[in-house]
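Order of writing sets the labels: A, B and C. Residues in every chain begin at 1.
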Amino acid sequence: MTEPGSNVTEIDARLAAEALIVDVDGFEGPLDLLLSLSRTQKVDLRTISVLALAEQYLSFVDRAKALRIELAADYLVMAAWLAFLKSKLLLPPDPKEDGPSAEEMADHLAFQLERLAAMREAAARLMGRDRLGRDVFARGMPEGISTHRNVMYQATLLDLMQAYARIRTKDDFRPYVMDREAILTMEQALDRLRGMIAFAGQWSDLASYLPVEWQGDSARRRSSLASTFAATLELAKEGRVELRQSDIFGPIELRKTPE
Amino acid sequence: MTDQDDDMPPGADPEELGALEDPGLFDAPPLAEQERMVEAMLFATSEPLTLREMGTRMPQGCDPATAVAMLQNHYRGRGVNVVQVGGAWALRTAPDVSFLMQKEVVETRKLSRAAIETLAIIAYHQPATRAEIEEIRGVAVSRGTIDLLLDLDWIRIGRRRETPGRPVTFIVTEAFLDHFSLSSARDLPGLGELRAAGLLDARRMPGQQEDAAETDDAGPEDEEDEGQEEMF
Amino acid sequence: MTDQDDDMPPGADPEELGALEDPGLFDAPPLAEQERMVEAMLFATSEPLTLREMGTRMPQGCDPATAVAMLQNHYRGRGVNVVQVGGAWALRTAPDVSFLMQKEVVETRKLSRAAIETLAIIAYHQPATRAEIEEIRGVAVSRGTIDLLLDLDWIRIGRRRETPGRPVTFIVTEAFLDHFSLSSARDLPGLGELRAAGLLDARRMPGQQEDAAETDDAGPEDEEDEGQEEMF
């Protein structure tokens, strides 16, 4: 047991500090806390002593620190700024330094507090107005008014003729496209192979799967070989055929995957 | 009528008269005030209100029946009327101004390029299957385009083509001819005339014979259906 | 005023007067009739209607502005009033009889202090950017607060501020005016005093460059498009 007297002061101090700390949750940021502290000065916000306010704020932050209360970063930023402002207010102005004077900064802080207080009051007055659904009421049985949009499409004979002429002209002047006569597409090859693969129980040369009618012309043969080969790879990926090639440039052989 | 105390005969005891008319501890509001209350309630409520319901909401000693009767009188001949719905009361807009509540707006829109081209192809090549339209336009024809033209009653479904799959064909309608002031689809200018009108470039691909629409002029007369199949 | 033809001076040519007063092919309905129409329309909706919206529904030659003014006069002092909401008009119950509507009250969730303050800042400073709101409150505005206000349709996104980053601004809506019984944002309580006290000025911390907020005092006056932005 320690001496009762000091114990009491300690408890008082702790309670006072805790009262403030408990409130920290209720504060909406450092400006709100400052506004709250400024009320203790019981003066018009325009004539507030910013220096006194800064001291109050800094001692609040110190107490919070002493109690190992984690303060949000913006409270600490404000503390640093106020410490800076306090030192500027206490020291004689440095003529070489440019930037705002301590008085200007203090003025602005007072303005911010006054503006916040004014907005709070305005918000309260706004909320106190006659409100729809509470003090005044809209029609309870609206019958509704509606707009039906009827779209009418217009086209003239000339539009029709021009459209037709456009299509026909497009044919006459169609842009050059690659002639696909000599191309066997992979889809075509794949379609062919899918039909034939059921019968490929034995290893057999890929060349035997090429369509006969594509063998005459060399361009057509190359195309059919390429697409058929690509198609076998696709079927191999699907797990439906197996492929093998015994040596480099040797014949490629395939067979149906044994079941 | 508590609000007419001023009119009472000279010599009458105001206390006594008041006591006769208003047995409540407090005076009921003047009737004009009661009418305002009924008005506000009937306006704001989402369901018709009975006199009883109104009475329970109003201050003691009020007479909703009289107030409603006054209100009904006030709204007589106006844009809104006090009407009785079953055993309850409601405010309703007057029937003769109901035309204001519904507005029909006609919007004129131009046909999309896809629609007008599809229509042109059907008109020039009818009967035309969807595949044929796509072949000529070189792009797929969306279901919506055909539906719109069907909807407008400018095309209709013709005979099925007797080819594999028996695809439906589209032909233009009377309404189409009406809209474009044509007496028949044969009146559509042929390619030669389009060219003469400067709508079609005069040059032709070498070796290509006069096609489609050119034969139109002769074609459809004979057989509605077959005559045009050779176009493709 | 075609319904006052009877009052014209003797000897005047009715044809000529009519032609002067009503250039339309058909006479517009008498004003009393127009008043009924406006009354019915305002009753039929729970949302405010603009004069334009009313005008497009009424017969040609009608004058909804005069009709609304007459209607407003007719409803003065009654249980239901004609009120202006921004650029539109609505019927609303008189505030003094709200006690009758207890049953109609929809329980609204309580707004947080942050939401209330943010709303007030936007209303009094509009158009206001998020940064400006944070500057005034001295604390970050959570996404949820703005979302809630947008959700309630009390604020909406205005024009982008033409400053670096082109931040969006927020302005209050007609629904906001309607909810708080304001006929325009100019009627915000205490607006004049706050302005006179310089508390609505976009003052920045001395030494910081003037940006953003400073420009809007000049800005909106030039371009007329938003209406709301020039209320102040």
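Operating definition for what follows: contacts are C-beta pairs under 8 Å (C-beta built on N, C-alpha and C of every residue); 3 or more make two chains touch, one makes a residue touch a chain.
Remember, predicted model here, so these are calculated numbers, not experimental data.
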| item | value |
| --- | --- |
| Reference chain C; chain at largest CA-centroid distance | A |
| Centrality ranking, top chain (CA atoms only) | C |
| Chain A-chain B separation of Cα centroids, rounded to whole Å | 41 |
| Rounded Å distance, chain A centre to chain C centre (Cα mean) | 34 |
| Distance from chain C to chain B - Cα centre to Cα centre, in angstrom | 30 |
| Junction residues of chain B - those touching two or more other chains | 40, 43-46, 91, 93, 100-101, 103 |
| Contacts with 2+ other chains: residues of chain A | 137-140, 143-145 |
| Chain B to chain A touching residues, read off their complex | 40, 43-47, 90-93, 100-111, 113, 115-117, 119-121, 123-124, 136-138, 148, 152, 179-182, 188-189, 191, 194, 197, 199-201, 203-205, 212-213 |
| Touching residues on chain C, where the partner in the complex is chain B | 35-41, 43-44, 56-58, 77-80, 91, 93-94, 97, 100-104 |
| Residues on chain A engaged by chain C in the complex (per definition of touch) | 28-32, 74, 99-100, 104-105, 107-108, 111-112, 114-116, 118-123, 125-127, 129-140, 142-145 |
| Of all residues in chain A, those that touch chain B in their complex | 137-141, 143-157, 159-173 |
